[in-house]
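Encoded as structure tokens, here's the structure I'll be asking about.
Read from first to last, the chains carry the letters A, B, C and D; within each, the first residue is number 1.
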Amino acid sequence: MATDERLEILRKMHELRFFENECDRLFRQGQVKGPTHLYQGQEAVSVGVCAALRPGDTMTCTYRGHGATLAMGAPLDKTFGEIFGKAGGLCGGKGGSMHLTDAGVGALGSNAIVGAHLPIANGAAFAAMRRGTGAVHACFFGDGSTNIGTFHEALNLASLWKLPVLFICENNLYGEYSPRALTTPIERLADRGISYGMNSLRIDGNEVLTVKEIVEGAAERARSGEGPTLIEAMTYRHQGHSRTDPAPYRPDGELEEWLERDPILLLEGVLESDGVGADDLTRIREEAEKAVADARDTALAWPDPELDERFDHVWAS
Amino acid sequence: MATDERLEILRKMHELRFFENECDRLFRQGQVKGPTHLYQGQEAVSVGVCAALRPGDTMTCTYRGHGATLAMGAPLDKTFGEIFGKAGGLCGGKGGSMHLTDAGVGALGSNAIVGAHLPIANGAAFAAMRRGTGAVHACFFGDGSTNIGTFHEALNLASLWKLPVLFICENNLYGEYSPRALTTPIERLADRGISYGMNSLRIDGNEVLTVKEIVEGAAERARSGEGPTLIEAMTYRHQGHSRTDPAPYRPDGELEEWLERDPILLLEGVLESDGVGADDLTRIREEAEKAVADARDTALAWPDPELDERFDHVWAS
Amino acid sequence: MAEVTYKEAVNRALADALAADPDVFVFGEDIGAAGGVFKTTAGLQERFGRDRVLDTPISEQAILGLALGAATQGMRPVAELMFADFAGVAFDQIVNQLAKYRYMSNGQISVPVTIRLAQGIGGGFAAQHSQSVENWFLNVVGLKIVVPATPADAYGLLRAAIADEDPVLFFEHKGLLNDKGQLEDDPQPVEIGRAAVVRQGSDVTIVASQLMRARALEAAERLAAESISVEVIDPVTLVPMDIATIGAGLERTNNLVVVQESSAGGSWGATLIARLIGEYFDSFDSPPLLLAGDETPIPFAHQLEQAWPPSADRIVDAVRGLLGAAAPAAG
Amino acid sequence: MAEVTYKEAVNRALADALAADPDVFVFGEDIGAAGGVFKTTAGLQERFGRDRVLDTPISEQAILGLALGAATQGMRPVAELMFADFAGVAFDQIVNQLAKYRYMSNGQISVPVTIRLAQGIGGGFAAQHSQSVENWFLNVVGLKIVVPATPADAYGLLRAAIADEDPVLFFEHKGLLNDKGQLEDDPQPVEIGRAAVVRQGSDVTIVASQLMRARALEAAERLAAESISVEVIDPVTLVPMDIATIGAGLERTNNLVVVQESSAGGSWGATLIARLIGEYFDSFDSPPLLLAGDETPIPFAHQLEQAWPPSADRIVDAVRGLLGAAAPAAG
């Protein structure tokens, strides 16, 4: 992979990180209402996956979906705008943090019902298959989501019909406040692919270049009609489940260990050892930081939706 | 196992068979209304499983549940009565063929929603575990039912909490008119236990003595706190899915092959080779046939429910 | 013009929609190779192939989610729930996903999904396979709800549903599948959201859909013999409800009876009455009456099941009572 | 007598029920170690142990099914659905299983299950986490539905729900969790099925529950300044609905406004109006009014969300309009 491409990947990861830091700050200041589920620490997964996609591919994700939506290419300002509930937000303020949609870039919606988008992902993939577009669909969900019925039904059907869908399980060790062992009798979630005869693997979700490479392979399989893949990407969320969660349930030292494997640091390390200069790395980071700050200011200045706008877009006809 | 016990098992299998043959006949004559899903050919599964249970154990099953309900010990006449919609039926005519309950013998209800009783089974097992009764719960369902969400959720929770429940998958090769391969991307459904770290096995479901022995072992594990078992019992239904289905989708010769492995013939063969005389076998068969005919006549003579009875038992209080 | 059954009308609508638009596909449990448990999809897979008429696993959530996802890409999925009661196992996909998808995206994404559901009492299917579940969805904004009673409506509304940009729940009544009626040789879509005045009358307006429509008509005939003139209106669509047509009927007769198969709580009948009483308060000479199914789950035994929903007898008695009571006030 | 929050009242009811009866157990997602996302179950696991206060996987169908199965054996499960909206993913277990289990068995089996569901608008949770979903269950016979608005009712009804032999859906309103009220030192169960007259008045009866109750009371205060005397009744239980108490109120005031948070279609408000107009036709001086949430999914943006359900302003305006319109007829 060319250095430029890798620098763009780094930039995207920085953008996601700064974006979430800003959300956190603004929420804590009470400037923004509603729940929020932040993504710091998991950036390598969605950035790596989406870097492996092509125009025309589609994506669905969860309420913890700021990262995946940005990684697909949604603009920073409109994404902020939606989370701020602004008229200029991606969804005119109707969706909010848990419901980001940018159809233009293939981001078909984040979903606040655990597991609900897995069957929907199949549908987008089915359409691509029927029309022979060669597109794939990337579907993000968490470890805890693998215990709900839709996971089972969706993976079964996807495998049966060889749908071009990539099931990306972001295993961040917790579902809300519950560690995996409290809810799930097996440790390796990729093993659940056996139930569906599905190509399945567990990967290091903090190594963005690995993620990209693995997903390129899986996408290639999917595009050529060989069916879906289940990818369990091991990662960690640096924050609590949502802004009201200080995460007291974490064992001592766990966060610190994962901070050492911060996906941004890991990529910077790779780039440095490949000869990229520290100033280049700093420049990328600062540019990203500024882009995020600018987008935030832009979006904050947008007007709130008019009250009557709440009646729009219930019906198409 | 003593010969007497095995003869009682044979008697039970005959009763189930004659019972279903009678249902078939009466339905075809239009004497009985409503759908019906017959069990001929699968008798070894429920008779074998229930022979391994103890008083106090409980059971749930599907709309194809005449057999399992009788195998638990529900009386022939009241079971007929329910299917005939009689006031004296197990459920006063409110339930019918798809909803047989005989709480007194631990038959907690057949269910007409595919998969819905698997979570319910967990609950009965949970109660036994909490109260330390040592009871287990046997939950019957079909191969096609392993594709619905409740299967996944129920097996996951059962394994996690080590519930004393036996998940008996009666793999009769079809879900309604669909052969397994049309709906399920793997052939060995017992492999689905891997997703839950659950003890799982596939067995010959037409060998009643094998079924009983295997289930005794699994029940013992469950009673001693080692958790649930998934048992895939390979078997075959001699009839179509329901009375309106002539089963045109069966490959030529398939039924004939399975008829050669009729579970009643198989058990009779074992008994014969163990020295049981043909006259004893005939006597058992004829007694069963008569018991079924008598029960049928008894039940047919019962009155229909009074119209006002339909308002009873909605509420407890 | 030809005589066809309700079932044939559904089948023909599916076939015509499949033939007319490559984006249409039809899928569900046992609907392909076997042609469906009620044979409404018979022959479609032979004609249109396994790519467009698909059998699925027993996975209602996966079925409806796939429909939604494919619709986001502009396809026009027609998903079947074999029995309407099974909507329970996929309820989230209908009420939290399908109904809200467009709105949450601020109109970026349309989801032109049609869900076909076979509902209703009468087959001895007992409590879990006999419900008319149209009312489960009334409090969820974003779904159109269609309840045809005749072959012509079944055909025309199914074509309209498939062509509609919004999600439509299309309820086929199991008790009507073999009913016969006329269908044009070149039948056209029927507009969603229009009630039909199916019998003229001046003394009382009865609103009744699906299985209850014929009972209302039967009651009307019998009442005519007593010189009571009954108007019968079939709402045909429950959401959006054609208040104008029904309100106009009420203004002609000043007496209203709503007859529905399901129980009263949270029903379309109750909703309709609450709305009409608000908007047409002065048009009522007598209290509006809601005749509904019993306040129990549906029992199995034949006689109990038959007794459960309103009968023509009950309708006749109710109208007599109503007009008897209303007469003094009107006189 | 002590001042407690609604949330504390729920917590205390659970603790008292657990202490009183070894067959009671409490379970759901993150309710144990973490004490629940709304902290209604805080401290219970420490006190009663992991055998009686259990964390579950994200498996709502498994949760409710387990409750039902354990109840068949005489246990008294209290299951939590973290957000009421999640009832969608386990709807079958509620409507086709729990509601019908007793009936289908002809009374052989009782299922004394309590399901706690946190519902309601106001937290900026958007379309899938803000609904008042009580109406989804109205057309399903066999479920009691309870909607407490005060700490005392929350305590007393939760105790009654857990003691009830029938399944009860117990809706906690997220917007009321931190509301304060008085609770007896030795609080007792409150009978399910009784409405409460919470303000006397003679000109109009407003029926309002949960979040709308305080808005109705606020409107009543403001209208009192205009010499309009408003009675406010909280139905408290939606099924069975206490028609007698509400009907008696209507007979005192002859004017009725029902205020509910959710949309109108298939709602308890519409059901109540349809029933009252049938039974108390001559008691209405003016058309009964249903004030309801907008006919849209619930939007996210703060102002849009605030505008969605009826406000005290809207109630005041509606009553003014109603009485203005009614006055000539009454005079």
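Just so we're on the same page, a residue touches a chain if its C-beta (ideal position, glycine included) is under 8 Å from a C-beta of that chain, and two chains touch if they have at least 3 such contacts.
Everything numeric in this text was worked out from a predicted model, so none of it was measured.
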Partner chains that chain A and chain C have in common: B, D
Chain A and chain D, separation of their C-alpha mean positions in angstrom: 36
Cα-centroid distance, chain A relative to chain B, in whole angstrom: 46
Centroid distance [mean C-alpha coordinates] between chain D and chain B, Å: 41
Shared-contact residues (touching 2 or more other chains) in chain B: 91, 94-95, 99, 111, 113, 116, 147-150, 153, 156, 160, 183-184, 314
Touching two or more other chains - residue numbers and ranges from chain D: 56-57, 59-61, 85-86, 88-89, 92-93, 96, 103-104, 126-128, 141-142, 295-297, 299
Overall pattern in which the protein chains touch one another (line/ring/star/complete/other): complete
Residue ranges of chain D touching chain A (in the complex, touch as defined): 29-30, 33-34, 37, 55-61, 85-86, 88-89, 123-129, 294-297, 299-304, 307-308
Contact footprint of chain C on chain B as seen in their complex: 33-35, 85-86, 91, 93-99, 111-116, 144-145, 147-150, 175-178, 182-184, 244, 249, 304-305, 307, 309-311, 314
Partner chain B, residues of chain D touching it in the complex: 25, 51, 54, 56-57, 59-75, 77, 92-93, 96-97, 101-110, 112, 141-142, 164-166
Residue numbers on chain A that touch chain C, as the complex places them: 58, 60, 90-92, 94-95, 99, 101-104, 108-109, 111, 113, 116-128, 130-131, 137, 149-150, 153-154, 156-157, 160-161, 312-317
Residues of chain C defined as touching chain D within the complex: 85-89, 91-92, 94-96, 99-100, 103-104, 126-128, 133, 135-142, 239, 262-271, 273-275, 277-279, 281, 284, 286-290, 295-297, 299
